[in-house]
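Two complexes follow with chain A in common, the first pairing it with chain B and the second with chain C.
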Partner chain A sequence: MTALVAANHIVKTFPRAGASERQQVLFDVSASVGAGECLAVIGGSGSGKSTLTRIMLGLENADSGDVSYAGMPVVAGRGGRLPGSSDGFRALRRESGLVFQNPFASLDPRWTVLRSVAEPLVLAGRRLSRGDAVEVVSRALRTAGLEPEDMLDRLPSELSGGQAQRVAIARAIVAEPRVILADEPMSAIDVTARVQILDALNAIRAAHPDMALIVVSHDLGVVQHLADRILVLHDGHMVETGPTETVLGGPAEDYTRQLVAAASL
Partner chain B sequence: MGVDIRGLNVAIGGRPVVRDVNLSVGDGERVGLIGSSGSGKSMIAKSLLGLLPRGAEASGSAALGGTEAIGAAERTLADLRGRYVGVVFQNPGATLNPVATVMRQVELPLRLHYDLGRDERRDRVMSMLRKVGLDESVAGKYPHELSGGQQQRVGIATALITSPRLIVADEPTTALDSIIQRQIVDLLVSLVDDAGASMLFITHDFSVLARATTRCYVIDDGAVAEEGRTARLLAAPNADATRGLVASARRLTLSAEPMAAEPMTVEQGGAR
Partner chain C sequence: MANPSKLANLPRALWRRGSGRYALVVLGLWLAVAAVSLFWTPQPLLATDGYHVWEAPSAAHPLGTDGTGADVLSWLMAGSRTNLVIAALTVVCSGALGLLLVGCMVSRRAGLGSVTVAVVDALISIPTVLIALLLTVPFGASVGVIVGACSIAYGLNLARIARPAAMLAARGDYVASALAGGASGWYAFTRHVVPNIVPVLSVQLTVSAGTSVLAEAGLTYLGVGVGAGVPSWGHSLATSVKFINVFPLTVLWPGLVVTLAVVALNLLGDALNSALAVGGMERREDDGR
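== the complex of A and B ==
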């Protein structure tokens, strides 16, 4: 499979408060995801999994290493300059969707579900009548497991955590992106709602067979029914990577074994 | 008897949030309260601690070590909370004082509720930090210098410093990653058992409950839907609410045969 998004030999450091030397958070990490594939990036707090996937989506710059999208370089500018210079970057921003941990923080509290979910269409410059927008948004909500008639006019304050996260997922897919990043999409909600999110993400994969999905999680139990491939990170180092079945069935590294143990009942 | 709740009802703005709950935690027992978000499980614990929100109306009885909490004076409740109970909260980053060192946080309950000299307090804090697996050098640090797991260990040290007879743990691991989650649950269980104390453990997750408790109550819509040994509820849930929570936990738990969707083995479901 040729990679849709590929990150090679990524090194990343952050300034450390009150210290002159910088703290390294990624050590020569490479990762890729192909069209139609789901990659899960797994690791504990501070493992660098969010930083790696943000770099893959062009949301952050690497210190060294390169990122490509559909064969085009995603150019990482330096010195605080917006990394918006390359065609690869612009295409990636246009053709990707994002889902974050806290759905209420990513939904405007004053906007109805219809307006929030339709926003990416507006930003993409799609000119739609209200009727067409309702239809497109309704389709996205249904794919995410929500009943549109019941949802379109609600405000975020009228949603449960699980519903709000599915609204955020509907918004991420509404403009038919080629790649979606879901960063800890189930951490902030209860177990029952987590299963709904898992089902919604699987339904989206089935409805968009060419879409690539990158899921970030600290929980192997969550990704076992979702991911094709797993990359395990620990303290910024790649621990192991491989097909989900291989990594879960026979983890080669001690750290992965700990993650497997922690996800067992 | 550690906790004895009889016919507890709580309403907020006229809306019932706890409905006729009977619940007990025996001395040295670890008991779970499990339910989805909004099921009312935290309200039950808050009634017991006298921490209900303003405007909540409680009736019935909730006794802590033989002292009635419903309708009790604030001084009685504060003394109960300080001496008899230790509480571990969900988000340690938000419950620790950002401008106090670990030493000051952990010794505060001793300063408030006990008449001890400074050296005696410091000795106790140092020994407690070792018990929760923290290096003594942590004593001089501030919360922001600690990882989430270390912060929760400080939270546990603060809850246990007065040698309480009952630990109330309200979703203590939800904000932590899965490996740290397991470490914190195992730490709590060993500390509670070593001290011969009781624990009321509140969570939405059966996979955590299976490690933390031997018996539990399933709360649904403010009422007890089912009660029993945790291992039995996992293996043979009766009530719809229990079945839903168990099914969710199983879906999100690695099976022995990882890619098999259903079913999964339960032989490790009991108390350790």
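== the complex of A and C ==
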């Protein structure tokens, strides 16, 4: 499968508080995701999962290594801004959606669901009448498993955790991106709502068969039901990668075996 | 896709709160008196009467006369215009300065935020009176000096107080998401950060308006406020306070007006803070929620 987003030989360090030397969080890691594919990046806390995926989507710069999107190099402008950035960076920004861990932190508390979900359309420069916006937003909410009639005028404070996360997912897909990054989308959600989120993500994949999905998670139960391929990270090192059945069914590395055993799959 | 009906509901939401009701009544009266004084006062402002100085309230002079025999009520009515202008201009100018500084403080540009914080922390230690004295040297005592001094002092204060809430909003995932989607820093600041600090801003700006009324009185008393002959509540206080032991009523009236106005502005801030909080339009102050 041709890679839609590819990161090669990524090295990343962060300044360490109170120390002159920097802390290395990624050691020569490579990853890719193709159109229509779901890649799950798993590992323990501090393994570098979020950092790797943020670099893949151009949200952070790597110290060394390169990222490409649809064959174009992804190079951010100064300070991660659009001016001075490469065509690949601009295209990736335009054609990607984000789902964060905490749904309430990812929705402006003063904006209604309609306004929040429609924001990516506004930022993409699509001039829609209110009626058209309601229609597009309603479609996205339905795909995420929500009834738009009850939702459009609500504020985030009037939503449950599961509803808020599905609104965040609807927001991520409303502009029909080619790639979505979901960073621990279920870790701040109660167990019953996780099934709803999982169903929503699977429904979105079915509705958008060419969309690539990158999921960061430490929940192997979720990964098992969602991902086509898994990348295992441990302390910034790539442990193993491969199809979901292979990695979870017959892990080649001890660390992966420990993760699988801990998850009691 | 903003919801203008929310703003239209604001007066009703304020009226539902006891503090808001008091503030709206007093501020409404203030506005009405200022408007009426443009066309009519019980006595001409320049009318003096050396034979009837420091007179007690009477039918001709409902609040008495001052040391020149001028009608106290007429001067207070005319003074309400000056104080209204000072309060309004202070709110606008200190709000603009405060927002500019908050924008620099939460900027993602390397160094700009920390430099602005350091500058604000250094300048905030300068008292309003000292700023007014410095401005008086080149410009002379005037309404502009009071507005300038108050705007600088309160703008710095506003920036410092609003910074934590602004930082919280600016570092929120919804801002990160908007920026990742191609939003400019200006878009994120005006659409996400500022609306989320409106409750803090409203309290601080109304307190600033109230404090500007007090500052006008204090600065005029010190001789660096409004010029001689310009009616203001501070002017009325300054000309009568020396005789407080002999003619206490002439000090009571401007003092009472200043107190009523300042309390109304402070309570308006509380009511705005409550009404503009998320869900505040539907909530009553006495709901206990």
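Convention: the second predicted complex is superposed on the first by the 255 of 265 C-alpha atoms of A that agree within 3 Å, B and C clash if a C-alpha of one lies under 4 Å from a C-alpha of the other, contacts with A are read in each partner's own complex, and residues count from 1 in each chain.
Going forward, contacts are C-beta pairs under 8 Å (C-beta built on N, C-alpha and C of every residue); 3 or more make two chains touch, one makes a residue touch a chain.
Just so we're clear, the structure is a prediction, and the values are computed from it rather than from any experiment.
> If chain A is used to align the two complexes, do chain B and chain C fit next to each other or clash?
Aligned on chain A, chain C fits beside chain B.
> When the two structures are overlaid on chain A, which partner does A:106 contact: first (chain B), second (chain C), both, or neither?
second
> If you stack the two complexes on chain A, which partner ends up touching A:193: first (chain B), second (chain C), both, or neither?
Touch status of A:193: first partner only.
> Which holds for A:44: it touches chain B only (first), chain C only (second), both, or neither?
first
> What is the value, to the nearest 10 degrees, of the angle subtended at the Cα centroid of chain A by the Cα centroids of chain B and chain C?
80
> What is the contact status of A:20 with respect to chain B (first) and chain C (second): first, second, both, or neither?
neither
> Once chain A of both complexes is superposed, is A:224 in touch with chain B (first), chain C (second), both, or neither?
First partner only.
> Look at A:118 in the shared chain and tell me whether it touches chain B only, chain C only, both, or neither; answer first, second, both or neither.
In the superposition, A:118 contacts chain C only.
> For the combined overlay, can you note the least CA distance between chain B and chain C, rounded to whole Å?
9
> Which part of chain C faces chain A closely enough to touch in the complex?
Residues 1-3, 108-110, 172-174, 176-178, 180-183, 187, 192, 195-196, 278-279.
> Touching residues of chain A toward chain B in the complex: what are they?
Answer in residue numbers: 44-46, 160-161, 189-195, 198, 218-222, 224-225, 244-245, 248-249, 258-265.
> What residues of chain B sit close enough to touch chain A in their complex?
36-38, 147-149, 176-182, 204-207, 210, 234, 244-245, 247-254, 258-259, 261, 264, 266, 268-269
> Can you check the complex and tell me which residues of chain A touch chain C?
57, 59, 79, 82, 93-94, 96, 98, 100, 102, 105-112, 114-116, 118-120, 122-124, 130, 133, 155, 157, 171, 175
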